[in-house]
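Shared chain: chain A. Partners: chain B in the first complex, chain C in the second.
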Partner chain A sequence: MLDQMADANPFLDPLRFERRAPPSAIVIFGANGDLTKRKLMPALYRLAYESRIPPAFAVIGNSRTNMSDDQFREKMHEALKEFLDDTPLEPALWESFARGLYYVAGDVSDPGFYQRLEAKLAAIQQARQTGGNVLFYLSTQPSYYQPIALGLGSAGLHKDTGWRRIVVEKPFGHDLESARELNRALHHVFTEQQIYRIDHYLGKETVQNILAFRFSNGIFEPLWNRRYISCVQITAAESIGVEGRGAYYQEAGALRDMIQNHLLQVMATIGMEPLPSFDADSVRDERAKFLRSIRVMKSDEVPLFAVPGQYGPARIGTEEVPGFRQEPGVDPRSRTDTYAALTLFVENWRWARVPFYVRTGKRLPKRITDIAIQFNTAPHSPFTRDDNDAGTRPNLLIIRIQPDEGISLRFLSKYPGSGMRLRPVSMDFNYGSSFGARSPSAYETLLLDAMIGDATLYTRQDMVEASWKVVQPILDAWSSQKSDLPCYPAGTWGPKESDEMLARQGHAWRVP
Partner chain B sequence: MAASVQPESILKELAHLWVGLGHEEDANAAGQGVLRACAMTLVIATGERDDPQSLGETIADLMPQHPSRVIVLRLSSSTGNELESRVFAQCWRPFGRRQQICCEQVEITASPSRFPDLPKLILGLTVPDLPVVLWLRGVLIGEHPEFRQVLGLPDKVIVDSAHFADPAKGLENVRALNQRGWNVADLEWTRLTPWRENVAHIFDDQQNRQALTEIEHARISYTGDAPPVSAHYLRAWLARLLPRHVELSFQSVVAEAGPRIRRIALEGRSFSAAASLEGTCAVITVNRQTQRSAFPAQSECELLREELSIIGVDTIFRGCLE
Partner chain C sequence: MLDQMADANPFLDPLRFERRAPPSAIVIFGANGDLTKRKLMPALYRLAYESRIPPAFAVIGNSRTNMSDDQFREKMHEALKEFLDDTPLEPALWESFARGLYYVAGDVSDPGFYQRLEAKLAAIQQARQTGGNVLFYLSTQPSYYQPIALGLGSAGLHKDTGWRRIVVEKPFGHDLESARELNRALHHVFTEQQIYRIDHYLGKETVQNILAFRFSNGIFEPLWNRRYISCVQITAAESIGVEGRGAYYQEAGALRDMIQNHLLQVMATIGMEPLPSFDADSVRDERAKFLRSIRVMKSDEVPLFAVPGQYGPARIGTEEVPGFRQEPGVDPRSRTDTYAALTLFVENWRWARVPFYVRTGKRLPKRITDIAIQFNTAPHSPFTRDDNDAGTRPNLLIIRIQPDEGISLRFLSKYPGSGMRLRPVSMDFNYGSSFGARSPSAYETLLLDAMIGDATLYTRQDMVEASWKVVQPILDAWSSQKSDLPCYPAGTWGPKESDEMLARQGHAWRVP
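Up next is the complex of A and B:
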């Protein structure tokens, strides 16, 4: 038995224990930025609080600002005070966590910086026994991804006795070509197995629950195809505008910012084939296969199957809300899409001719992300139609990603009383009320996965390229258009052209 | 009422309860009806000295995470011919939601002369196709031979040997249940999860795993006169995982209120590690390097939550028992 002890930890109890990270260090590039303060540091502290990272653990922050280790610790302490939810910031625990925080100032385009980083890593490895395992986390502007990867490679930091991995935040390129270029630069230094492309949507508990729902329940799979499903609607709506990110957002737009990455990954989770096993390769193979099956639009099809929009000024309640072009930092003639709706078809036997409607937008009536599976109506209703036409309403399966995470099945039921009046009713599963336990944040899940070496919820290069292939013709067509984008008043569900797009297929957007 | 308590009449009362709740909710502005939630039948056998308020609070806290049909059997020692039942709902409204979620609770009070009627009553009240869990809260099943029939029913039997004044007897009782083939869980074992996790954490590091052979002595520190049952479980667990030559011992220490296990120390010539408690923090020390993490509160409800989330057999616990 002792021979085996060196390989696996014999003290583990998978029935009761949570997963834990191995001894390791995380180097965060862009540690002075918002993502580090709002998401990464709270997630790491929470993992430490739950004892899911070992004593042999360290975080090394980097940015150009000069700071000592202690100043960095103080800055992170302030960030935790502001952004830590659901978890007490206990002094003794913070003190223990803070001892593992370090900082190296430096410009990532300066080769000398990587020498200093190497020296710091060596010292930390000695002091904290991190075993040579390092996770490089790129939380910088995308333009720094290539110099950092190349800098790490030139200094030989991409390999050592322990494992070395790199986490890249979206966007993975600005278009198909730049995505390929970024990939070439990363692969120049790191192997695909070392690269973890993070899409925080895939780390959400409810997105993971789609897999559990589809592949551990026998009753839905027989219905999950073109014979029974009329259409699928995926909505990611935000009620806020660009909130001071106008300059960034007008370079991205809704299609790039949401659909190319998050929503196509969600769509793949809904539509992929059953998995042989729940491991990184199986899950990502199936997702990639699905993304490759999405029919790529020809340029003359774009106006029929894709609708951009831009929010205009409106009065919502008592509040005067500016239009996108009136937002600070936005070009008054900007043609950036703040709304995008697509009709996508999947070319395989399961989904042939079933439209997947995907929409996202800013300044819509409410913040919600959900997926509605609309089933075919009953082939014949023997009941007299009432005023609401309830007898012909289709069954809907609604998977709510946020807020109010859960699943609802809408079906028709007889209203009590004489006569046969039908009324839609909803059978609800609410994630929060069925499992009172706290759900880990997407970043807790994904950071732990990267440290453990589980890439199941990370995006692979072929998935990135397949999704860019889907959106590239649409981006090209929209950028070549001379006319203004359809405008929608802030606080509404998007331009009327979007409703017309669905009406052409005999469908209508549901109101979430 | 005593003579007429039948499963059918209780089920009928439950049906009326749901209709009533539906009407109440319709009368409110929300008008969304109530959501009935049930994932198992939880039978709780409790004595008359048990504090009904504390039990009620535990059940109310449990339901959002493990919605169940709860059957509380209150075993009285009265000499009469008492067998009474009442039904009610445990409801809560999740934060930000308009719809109420409710679970059913049936409370049965029986005097010894009616104990023979209880198995039939319980059998008729379990929810079909869902797991049945029996929680013996301060009741020894050996004292009530009438329950033999009931014990064949549950998927899991939960006891808490911490309630035994004599730990040896407590352990003997749990072993006896296990030997009869029941899937038994002891909350004393559940209390060890954070301790075992902290020890396991030490050996996540491969270098520390390689140092396992160097360990010569393992010491479990506890408060009180004699080692509690949990200390015996811990010892059995360590004995199964540490090399045979390791000497295992107990040490009594003085500490203020809190968990009875206070420290686990593993020591050798060139390796030492310990997990200990400091206030509300767990402190792990490996070769003088320390880390703190939260040591979760261990209310009765928290312990039950953990056990109810495991319906199958806990082979590690069974191994330690044997």
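Up next is the complex of A and C:
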């Protein structure tokens, strides 16, 4: 599955040193949306600030709203003022950057739109010398993904003398069948090598660092298996609620919104086998193999290994917080999961019988994404005794994805004094303060990768299908039930059923 | 070899919680010396301050100087004012503590002295209710150890209704034969269970913590062997010179003064097999077994695996520092080693072919005692390339004994940015700041242990002989040579021959 161009691609350095984009144009569908303002435009400006994109570069925004190029530029200028947080908005750089911004209004279900887009692209290619290279970025509502792909195909925009690639934002399908259908539609027009399915978690520095941590050090990998690890806990907690996105969220739920994509990819990064090399197919082959190794639950196992939850109203501090069913746009009888916790098993030699606990939720006590590797206790401690019970606390390796990116190792130490009292202590490494260097945002990394043609940190068709396969029986079981979901008061760590699920395996959720 | 009293000893709790001494008297031979003032008296006062020694407690000082009890008390008061650094010298506590201090002048080679000592002990036992329990503490010049032991025996002071124990300060012998002779002399009077050979390194909190670190955690021991460790480096560096002790030091040298005792014991603590339980004989059996497993060099191997050194004059900053041969009391042709570095191999399954590098020296760039466990690099890194050479730096576990007691783990991390650049970073644990609790001094721990009858942290006859056996062929080879020792300028990390010794094994000294 090697990119046909890889061998001839001077921009593609597997270790990514001094990475720079070739001449290219990016067409953003949904350019009027939040993602463009908050993430894509700041990332592109930052890449320009670092001279990682060439002068021969252009962005073409599209949405149904009528706007001139200049109006679009002004809108993007406002977005950068608001969302560019750690980079100066220099007038001279903005001027030259803005000259590369264009806009084409149009309805993506109208064939005539693609004619106008083609004409605009041709003009820009002439004006900006972008070499016919075009990255189509789908940031619209998911229901437009298929029409856009087919529209681009009908207009012949999917191939040219330069490269043509398509980036597809999440969600990639609503379930296994719709994901397969979307793949079929995309493949009707694009080859797999042209398709870049984005999962921005894979672009995060701390997720990439998991690979460096595991595979460039000699001491962690020998411990990284069922012999030494008793369980893995992956937590993605949000303290906020649905924040006005109730109508959208009601159709998704926590399992779809976070676990099917982000957290299963994080789990694969933690659990996959060592890499022969750091290139797109080596990395994705291993991730896909891991995802296919996750045991798919039978429907009668779902109640044992999966717990949904929905937050109820609560007073947090002095604030009265509504429950999910009281949020604007949410059906007062909604059965959407705002919390989901799974016990997953991996059927291979490394991980047999080691539970991976994955949880995510809204309105939990704090915002944190982290991974806790819980090790077996010492097989025999000469210091164990009833009144030395700290002596039985297991070693923990905590990988913090956000915030306070870093790694901590909890181990037992002697407490100072005459007794052999043991206490858990931590060794800490803080990613930010240790280097004093800025971490690029996930979107900077991923946009640059797509322009260069490096799909290492993008998901592949087989990865997406494997993760939907894991989630599908749980979605089915939950939707077939008629009773209310387990409720948890806003500001707590989820329903008690989730604690009970771990207790059945002899484990307990760590409090982050 | 269990202490006959262990089963019936209510003071002996193997995990040492709430440890308190029984009624007892301590006779300090050499009470006029530095150790008494700087270490023993502050330790005893601190134990009193913590109520770890009972009211029924007394100290009897001895030296040849004539002094009354009150004069001795005054002298000790002055010593506490000078050397008690982190404990308040409370007048009321000092008053009651001082009432337990006594003094008997006398020459330990005079049989009449022991009669006077016996009479004093009897009177004190009556006055202070010390129950006939006496700890004899030998802190004199080593040449008096045998006469004192024999004198105590002749006077029948080595046994009574209470317990009698003898603590022997270092050096324990000048070589293998004199150590054996001293053992014979002690055993002529005392049983092995009565003899407490002190090595204050074993009483240090951070050395005890090595046991907690290794044997109460599940994740270090699996890595703690030849499969994952490429070498171990033990460093005890002093920045000072011989500081007026030139005449004494000239007779000892670095190998005898530091390696034969302290550093081989530290090495045993790092290298010994896991403990079945934390009691005196379990711990000492394992330490002794390890020490006996160290390969004893043949005389023709000494030049390959042992490097002596002697510091020469240098300017350090603005200070002109004399060389060792220019120090007061030192023979200008002295061949005494002020630096010694050994490559030691351990002949067992765990450590076969893993070099242990042990070095110590005076006038090195800084004062530090630490242990560096250097691990093998990852067997295959997907990120290795010529221009990513940090990617081949091995993992290091650093255990700092003094100062800044703590543990650090060096590993490779991704440097923030678009490239997969690797950089070594550290996770750190600081013993002092993590707990905010005071660590008892080694002498507090060891004096209390001897009073209680716990020899866990004391060396045993077989341990002492095993360590002398390791050192003896090196002493012999060095003393048979006539040439000057390799010289290193004061303020540097030792002679180049030491670096060459490691280079032959493909290693290099870490710069602490």
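Just so we're on the same page, the second predicted complex is superposed on the first by the 490 of 512 C-alpha atoms of A that agree within 3 Å, B and C clash if a C-alpha of one lies under 4 Å from a C-alpha of the other, contacts with A are read in each partner's own complex, and residues count from 1 in each chain.
Note that in this section contacts are C-beta pairs under 8 Å (C-beta built on N, C-alpha and C of every residue); 3 or more make two chains touch, one makes a residue touch a chain.
Fair warning: this is a prediction, and the values are worked out from it, not measured in the lab.
Colleague: For A:P23, using the defined touch cut-off, is the partner it touches chain B, chain C, both, or neither? Pick first, second, both or neither.
Modeller: first
Colleague: Report for A:E90: first if it touches chain B alone, second if chain C alone, otherwise both or neither.
Modeller: First partner only, chain B.
Colleague: Determine, under the contact definition given at the top, whether A:I407 touches first (chain B), second (chain C), both, or neither.
Modeller: second
Colleague: Given the touch rule stated above, what does A:Q208 touch, chain B (first), chain C (second), both, or neither?
Modeller: second
Colleague: Look at A:L15 in the shared chain and tell me whether it touches chain B only, chain C only, both, or neither; answer first, second, both or neither.
Modeller: both
Colleague: Identify the partner contact of A:P332: answer first if only chain B is touched, second if only chain C is, both if each is, neither if none is.
Modeller: After superposition on chain A, A:P332 lies in contact with neither partner.
Colleague: Touching A:G506, do we find chain B (first), chain C (second), both, or neither?
Modeller: A:G506: touches no partner chain.
Colleague: For A:P54, using the defined touch cut-off, is the partner it touches chain B, chain C, both, or neither? Pick first, second, both or neither.
Modeller: Only chain B; A:P54 stays clear of chain C.
Colleague: Looking at the overlay, does A:Q129 come into contact with chain B only (first), chain C only (second), both, or neither?
Modeller: first
Colleague: Tell me which partner touches more residues of chain A in the superposed arrangement, chain B or chain C.
Modeller: Counting residues of chain A touched by each partner, the higher count goes to C.
Colleague: In the superposed arrangement, what residues of chain A touch both chain B and chain C?
Modeller: Correct list for chain A: 15-18, 428, 434-435, 437.
Colleague: Can you list the residues on chain C that touch chain A in the complex?
Modeller: Residues 14-19, 52, 205, 208-209, 211-213, 215-223, 227-228, 274-278, 282, 375-385, 387-388, 391, 394-395, 407-409, 411-423, 425-429, 431, 434-435, 437-440, 444-445, 448.
Colleague: Taking the complex as given, what residues does chain A use to touch chain B?
Modeller: Going through chain A, the ones touching chain B are 2, 5-6, 9-13, 15-18, 20, 22-23, 48-51, 54-57, 90, 92-93, 95-97, 128-129, 131, 403-404, 428, 430, 432-437.
Colleague: In the complex of these two chains, what residues of chain B are touching chain A?
Modeller: 35, 37, 39, 64-65, 67, 92, 94-97, 99, 101, 193-194, 196-207, 209-210, 212-213, 241, 243, 278-282, 284, 286, 289-294, 305-306, 310, 314, 316
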